């Protein structure tokens, strides 16, 4: 078992395995996106209150779910790298961060677009959007810290500690922002947090969520492969690969 | 172990005392920032008392952030920190002693000066006690959580700006509940829920942050 | 010529410190790999190598300040990460930084170190210690007024204070005058004679060859 972990954690092995997996995950991603978007844009019914503009939910909700999911992956991978000193875990954590941040931005932008017809403004301090904004700050902080530290391993360890502290704080932040939002509710009624879920809407939503997940896996594997290649550039197996490419 | 804790605590207080001319800086910063708001928004007491709790608390956050820089910097640069880390004492205990000393020197003055500022901003008298209580419960959390950020960035050349980005999002729950409590107190409402939340944040910080700070210091020394 | 007065050395436990299969790189440049060696009681181990070969890094890894990329450090057969406090009880480190607070006096610095590193409480011990390292009379001077060599001596006092079995010293002769160098040599010698271990780097040749292992050589690149 321990040797299996060690083999799996070996950069060279990962590079080869990931190279084989990526075409498959990419293909499935496209398939799921196609099916999901077809369901989202064409076959699912328009929302009885918001009409066609509610369709942006099919992008906004999965993006928001992914932004949370990726942060958890980041924290867990960081913890694994911290406790067991597995280099690959560090690579996965750092490769995931920009992807998670992008999902967060996507959630914020689509949330803003969704809200404009309802609120009349581009931004309202809705509970979920505010939480997403704070999550974006957490991502940016992680990326800022890991970039600022020169030594790669030290940067990964510091980032892992930060990500764990952030992960513990996220439920607290959510709870606080929810409480704050109900307190200052005012005239803003958000339909965003709980759209009426009809089965015809649920299936495309879940398909889109799956598509986003596979998209994340594909991209993180591509990024991680590139990072591994760069990090191990002085080792013999990388030199062989470079030599073959040059030929 | 207790002997080492007290030694660390006393040493840091003594060092702060030897720099006592600098001690007043975070406090002055706090007062000046608060004074800016009436200047920007007009001295009408109705406006000021509406924003007072938020202004005092945001200013407290910024003052805490500004003062945090000193908690590990000097020890890191003169090698005292590595000796502390290598000493045969539990690092979490020593770290807690340092942060406690730091809070005594930076947080407690804020609490003591807040009634003055509250009256500058026309905070209702009913809310004053709550204000001080939230500061009492909240400023230690600011020191503890902020110290995690400082421990992570102490080795960086220009860690100051990055520190703010790392730490301010983590301060937001404290801000929400503390300012919310003071606002509610001004309206005469019961604030025990908010205070309970602040209290549990304090307990959580005391138990968990020293571990994170110790781990972060070890990473920074690498 | 006055002889150096050595403190009454308390005996130290016999401990073994082992480096196992260390691999370390800095900025993706490998410093050393598959490095293993053992420090035995009563011996001096020197680390040699050109500038930039990782001597300080290796010393810091042995102390547990730096985590090696691969490999472990074992204290009496157990990973130092699992028995950290026990290990650190027997460890005294003298690095490049002096670890002294400039705003405190010499005696204030030493008292703090005593509370951290030692079980003893006697101030008399501290005064005797200052005499051993040649800082008698400087008790109440602010540390900021000490010269570089004097700060080194205060660091040596801290090492003596801890009664640790393992001394890890990075260039202990830096900034020392001739008397100081003789003092350090005598202290290391006495330390080894009581069963202690000394791990150090130095550019200067030392008169400790009768106690030394073969030096660990780090390659330069």
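Per-chain residue numbering starts at 1, and chain names A, B and C are given in the order in which the chains are listed.
What we mean here is this: a contact is a pair of C-beta atoms (placed from the backbone, for glycine too) under 8 Å apart; a residue touches a chain by one contact, two chains touch by 3 or more.
Keep in mind that this is a model prediction, so the values were computed, not measured.
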item	value
Contact-richer chain pair [A-B vs A-C]	A-B
Chain whose Cα centroid lies nearest the overall Cα centroid	B
From chain B, the most remote chain by mean C-alpha position	C
CA centroid of chain B to CA centroid of chain C, Å	37
Distance between chain centroids, defined by C-alpha means - chain A, chain B (Å)	32
Chain A and chain C, separation of their C-alpha mean positions in angstrom	48
Per-residue overlap in chain C, given as positions that touch at least 2 other chains	67
For chain B, residues that touch 2 or more chains besides their own	222
Residue list for chain A, restricted to those that touch at least two other chains	151, 153, 157
Chain C partner contacts - residues on chain B that touch it in the complex	3-4, 6-8, 11, 14-15, 18-19, 74, 77-80, 82-90, 218, 221-222
Residue numbers on chain C that touch chain B, as the complex places them	63-67, 85, 88-89, 91, 93, 95-104, 108, 112-113, 115-117, 158, 162
Complex contact set, residues of chain A against chain C	85, 150-153, 157, 231, 233-234
Footprint of chain A on chain B - complex, ascending	145, 148, 152-153, 155-156, 159, 162, 165-166, 168-170, 172-173, 176-177, 180, 201, 208, 212, 215-216, 219-220, 222
Touching residues on chain A, where the partner in the complex is chain B	82, 134, 137-138, 140-141, 144-145, 148-149, 151, 153-154, 157-158, 161-162, 164-166, 168-169, 172-173, 175-177, 179-180, 183
